[in-house]
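Below is one structure; the comments refer to it alone.
The letters A, B, C and D name the chains in turn, as written, and every chain counts its residues from 1.
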Amino acid sequence: MSAVDWLILALRVLIPLGVILTVVPMLGWAERRGAGLIQDRPGPNRVGPYGLLQLPVDAVKFFFKEDVIPANSDKVLYVLAPGIAVFAALTTFAVIPYGASLPAAGRDIPLIGADLSIGVLYVFALTSLSVYGIVLAGWASNNKFSLMGGLRSSAQIISYELAMTTAAAGVILSSSSLRLPDIIWAQERLWLGFLPRWNVVPQFLGFVVFFVSAFAETNRVPFDLPEADAELVGGYHTEYSAMKFAMFMMAEYVNIVVACALTVTLYFGGWSLPGFHPEGIVGAIVSILIFSAKTLFFVLVFIWVRWTLPRFRYDQLMRIGWKALLPLALVNLLWVAALILVRWI
Amino acid sequence: MERLVFDAAAALTILFAGLMVMHPHPVKSVLALVVSFFGLAVCYVMLSAPFIAAIQVIVYAGAILVLFLFVLMLLNVGEETRGRERPIQRWLSAAALLVFAGLLLGLLRAHGASAPLSFGPLSGDVAPLARLLFSRYLLPFEALSVLLLAALVGAFVLAQREKGA
Amino acid sequence: MIGSIPLGDVLLASGALFTIGLAGALLRRSAISIFLSTEVMMNAANLALIGYGSAMGSREGQIIVFFIIAIAAAEASVGLAIFVALFRHKETIDVNKINLLKW
Amino acid sequence: MSASIPLWLVPALPLAGFLVNGFLGKRLGKSFVSAVGVGAVGLATAAAYARLVPFFAGDHSAVVERIAPWFSAGGFSAEIAMRLDPLSALMTSFVTFVGFWIHVYSVGYMRHDETEAGYARYFAYLNLFMFAMLILVLAQNFVLMFVGWEGVGLCSYLLIGYYYERQYAADAGKKAFVVNRIGDFGFLLGMFGLFSLFSSLDFDRVFTAAAADPGKYAPYLTLVCLCLFLGAVGKSAQVPLFVWLPDAMAGPTPVSALIHAATMVTAGVYMVARCNVLFRLAPEAMAAVAVVGAVTAIFAGIIAVAQNDIKKVLAYSTVSQLGYMFLACGVGAYVAGMFHVLTHAFFKACLFLGSGSVIHAMGGEQDMRRMGGLRSKLPITYWTFLIATLAIAGIPPLAGFFSKDAILGSVFEHGQYVLWGLALFTAGLTAFYMFRLVSLTFEGSFRGTPEQEHHLHESPPSMTAPLVVLAILSFVGGWIGLPRVFGENLDRFTAFLSPILLPLASAAERAEPGLSHGAEWLLMGVSVAAAVAGLLLARSWYVRGQGRVPDRIAASFPAAYALLAEKFRVDELYGLLFVRPFDWLARMLWKVVDVLVIDGILNAGAFLVELVGDLLRFLQTGNVRNYALSLFLGLIALMLFVIGAV
């Protein structure tokens, strides 16, 4: 590999990373503005136009607040936990294609961090690792509320991962590949001349299960039991403050972005649009924009849901996971298998 | 290059496995094992078994060890206490382990096994593996699914609180 | 990928891992630690299987490992349920204190 | 001859009756049980006679009907096959006939004193007996015959112990069974011997082979025949195995009549006659048969004199008469023996049924000393009983005279004068004790309680009808075999049976008429004289003398009388010789072998296991890690072993 190749690889990976890290604080702003919108109140509007400068102010605040490490906590793990959370969230993005290939420097550069043959599995592997951040945070804090949050998180994520994977298995089945670019390519065309060949059409049930599970996986309302502020003060991050707390916040938003990107990739054709054939640099840029738009839409749905729905009880959460979503995912899988059997897809 | 990565990952695996055994606190043990298994997954990738590597991370790190952690936290198990026990178990175990390790080393040395792996026909693709799994090994696969169901029911029954208790 | 990993490395790693797991199983007192150690041993075997499979150009090693991992999952769930039930009765999972079957 | 009715139907019908009564009888009620029980045997009789009448009238050659292969093992095979030849035809004719009338009699006899279950059980067993007896008689090979042989033994046991709630009846059944086992053992040994000699147990093949090459088999046949005869001795209650028959009177009286007088006990005679081809080649065995028969005849006759139980007298009389039959067989006069079997079946059945009628009237009383003067109260019983008594005593022209005379004549003819003397004395003895019985029972005045006297009544028609039928046959039954002195062609019985039961070769070689007419008349006169003498003596002592003379004799020789009254104490002797030693042996086996040795070994084993367990249990530390360590040590050992092996 030449130096150019290395450079391209680095850019391929680092640019989206940078974008995400930039976008995430903006999501914090968007969430608060969205909350204001939905709850009929202003939200942040004092610092800068539309409160946009709130972001750097908050960042500065996080940097300079006192970083408290509780006594009797497990210091190493306490410090490690938020790192794990952010790391697991960010690395997931590596296999998600964020655009069509870019012709540049005499090469056809795929717009993806790492084109793994087991892309989907990689995503799930890292998602399952993300639970460690929360669990460890809960345990290391040596705090009852934190521990409860950690416990809830571990049980919840394992439970919903089942439904999520099973729903995704339907997509894998219909695309007969674990590579995410393959999955996108499989959704490129039209059905009957007008219907986009997106997986969401035949597998709407699967999409619903996947998306609902994504809420649980990211610990978002209505499944934010690990931090449930009404019961557990702050859940697993009760003891955290300053930058470490910021890292948990960041991990949460990165997770949301990744979950949405994945949803888009699996069910909504990723960067593709029916009738759109990316050509050249412009095509690549357009594809990136399409992907970003789709992802942003689902991120806004996340925010919308957060300020709309109440929180479930823990037993309700478990019941939905095991008795509703998992069976539905299985039904979806059977349905896809049947469709393949009769050669409709 | 591959050998270097493999050896590094293997060293990491062994190091953290050792840490897991040494550490008196079960929670730390589990965490050490997570790292160790992560290293093992890297080893699998290097041995052109990416699917197994992914499964390793998803099932072991993502499910089994989380379950361990869950139980440890639920039971709030603390550090191992040094109970009174006859030392014969320790000494005999240590001696036997030394003998065993010596035997393994001897066997490795005697039977070479220094030949490099031939990766020729093997690619990291999942499809051939799936084909094998769903054709020749279909019956074990189905049996396994029954086993998992049985384990599910069994675990449920075992962990259920006894009625009236 | 170009194969340049000697089988000996794989087997050495596998053997070392197995011995470590064995040591843990023999020397630890916490039932969960022993259980973890057996997992290590199982993974050592997995590593050897994958190594041999690759060396022989066969995928059957991976198939076996796949099965082993699935069985390990079943085993872990039942085993942990047993520990939970045990802990409820004995308030401990120290195997030195669990000796109801003593003569 | 195409048979319209298959032979197997004859035993099958009683079997069906047994199955119905045995399994359903309890719920069906007495009338239904009677109908099934009597009907099955009646139909069997009808079926048998449908075959027998043409057989008697026409061709007498043997017919074999093969029904099914039974089993086959190695070189041995047996089939279920039935044989109709003059001998089996004769047996079948009276077994079915007498059996049928005894069934009829049983309806009256058993009706009142049994529960429905007991009644059904009784008829079921009786039908089963008929089945077994007919199998025995009709069998074509020794194996099937043995089935019938054991079957009748079983039924005998079951029916003797019919009143099983009474200790003595149960004991009597057991005794009969055990004693019969000794005989059956002999029979089995004989069968084994035959098979090793002839490689077959089929009658035709065995007898043909034996007849074809006498010199080859003769040396072995003595032993084989003695073994077979041991079986006959057991079944037919000969010395020394006769002890069970008197005790067998514990069963219901019709059973005594059917099984222990008319049919089953003659099976031994039938078997010896059936094997006459073999016995003929074994003169020593024949001699044994003759001597045993003669000794039994006189021995049982003497005992009968001093018995007071009406059924016991008849039982010993039966033993004695069976001795006669064997005596005849022993001297080679198989025809005479079978002739006596036939006539004996009639008059002895009649006598037993008559005694049953008496017992019935007396309300269960069997002691003759409490009877007397029943003649007027039970006229039909009395007259039929008298006819049968005259028949057994050998008064011409009744049935017994001809058969007994044929035996005596044959014995004399063969030059066995000692045996002849014994037989002649027995004839007189027979007349004596039978008239003693008649006198004590029917003559004189009633000696029982007033209650019993009030209860006295003639039996119902179902009981008297068989009596009359059998009495008539006791009268005329002998006329089918008139001796030569009355005319050359009158002995149809001999003519009928002679194809099967050839006279002894030695006798055949001699001049055809062994005895002159004069000698024959003389012999006849002597036997009649002996009978009449016994008869008159009994009348004078017991009717006119009121029993004073015998009392005086008994008083003069108390020891001898006691010995006689106690049946020569044979039972006690056997008790001393066999029962006690076996008892002791069993006790030893129990106390020493079982308790000390076997239990000791067992307990020692258990103790050892316990000891080892006590030591080894310390390995059971209950500590999982110890177990894991031992597992691991085992692994190392295994590895070392494998490395060493490679």
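We adopt the following convention: a contact is a pair of C-beta atoms (placed from the backbone, for glycine too) under 8 Å apart; a residue touches a chain by one contact, two chains touch by 3 or more.
If you're wondering where the values come from, they're calculated on a predicted model, not measured in any experiment.
Participant: Based on Cα centres, what is the most central chain?
Facilitator: Located nearest the centre of all protein C-alpha atoms is chain C.
Participant: Go ahead and note the Å separation of the Cα centroids belonging to subunit A and subunit B.
Facilitator: 29
Participant: Per the centroid of Cα atoms for each chain, what is the distance between subunit A and subunit C, given in Å?
Facilitator: Result: the chain centres lie 33 Å from each other.
Participant: Subunit C to subunit D: how many Å between their CA centres?
Facilitator: Whole-Å distance between the two chain centres: 82.
Participant: Distance-wise, how many Å sit between the C-alpha centres of subunit A and subunit D, to the nearest whole number?
Facilitator: Using C-alpha averages as centres, the distance is 104 Å.
Participant: Multi-chain contacts in subunit C: which residues touch at least two other chains?
Facilitator: 22, 26, 29, 96
Participant: By residue number and range, which residues of subunit B touch two or more other chains?
Facilitator: In subunit B, 51, 55, 63, 67, 74, 89, 93, 96, 100 touch at least two other chains.
Participant: What are the residue numbers in subunit D that touch two or more other chains?
Facilitator: 623, 625, 629, 632
Participant: Going by the touch rule stated at the top, which chains touch which?
Facilitator: A-B, B-C, B-D, C-D
Participant: Show which residues of subunit B lie in contact with subunit C when the two form their complex.
Facilitator: Contacts found on subunit B: 1-3, 6-7, 10, 13-14, 17-18, 20-21, 26, 29-30, 33, 36-37, 40, 43-44, 46-49, 51-52, 55-56, 59-60, 63-64, 67-68, 71-72, 74-75, 77, 80-81, 83, 85, 89-90, 93-94, 96-97, 100-101, 104-105, 108, 112-122, 128-129, 132-133, 137, 140-141, 144, 147-148, 150-152, 154-159, 161.
Participant: Which of the residues in subunit D end up touching subunit C in this complex?
Facilitator: Its residues touching subunit C are 617-618, 620-625, 628-629, 632.
Participant: Which residues of subunit D touch subunit B once you look at their complex with the stated criterion?
Facilitator: So the residues of subunit D touching subunit B come out as 623, 625-626, 629, 632-633, 635-636, 639-640, 643.
Participant: Along subunit C, where are the residues that touch subunit B in the complex?
Facilitator: Of all residues in subunit C, those touching subunit B are 1-13, 15-24, 26-30, 32-33, 35-37, 39-40, 43, 46-47, 50-51, 53-55, 57, 59-60, 62-63, 65-67, 69-78, 80-85, 87-88, 93-94, 96-97.
Participant: Spell out the part of subunit C that touches subunit D in their complex, as residue ranges.
Facilitator: Listed in rising order, the residues are 22, 25-26, 29, 31, 34, 95-96, 98-103.
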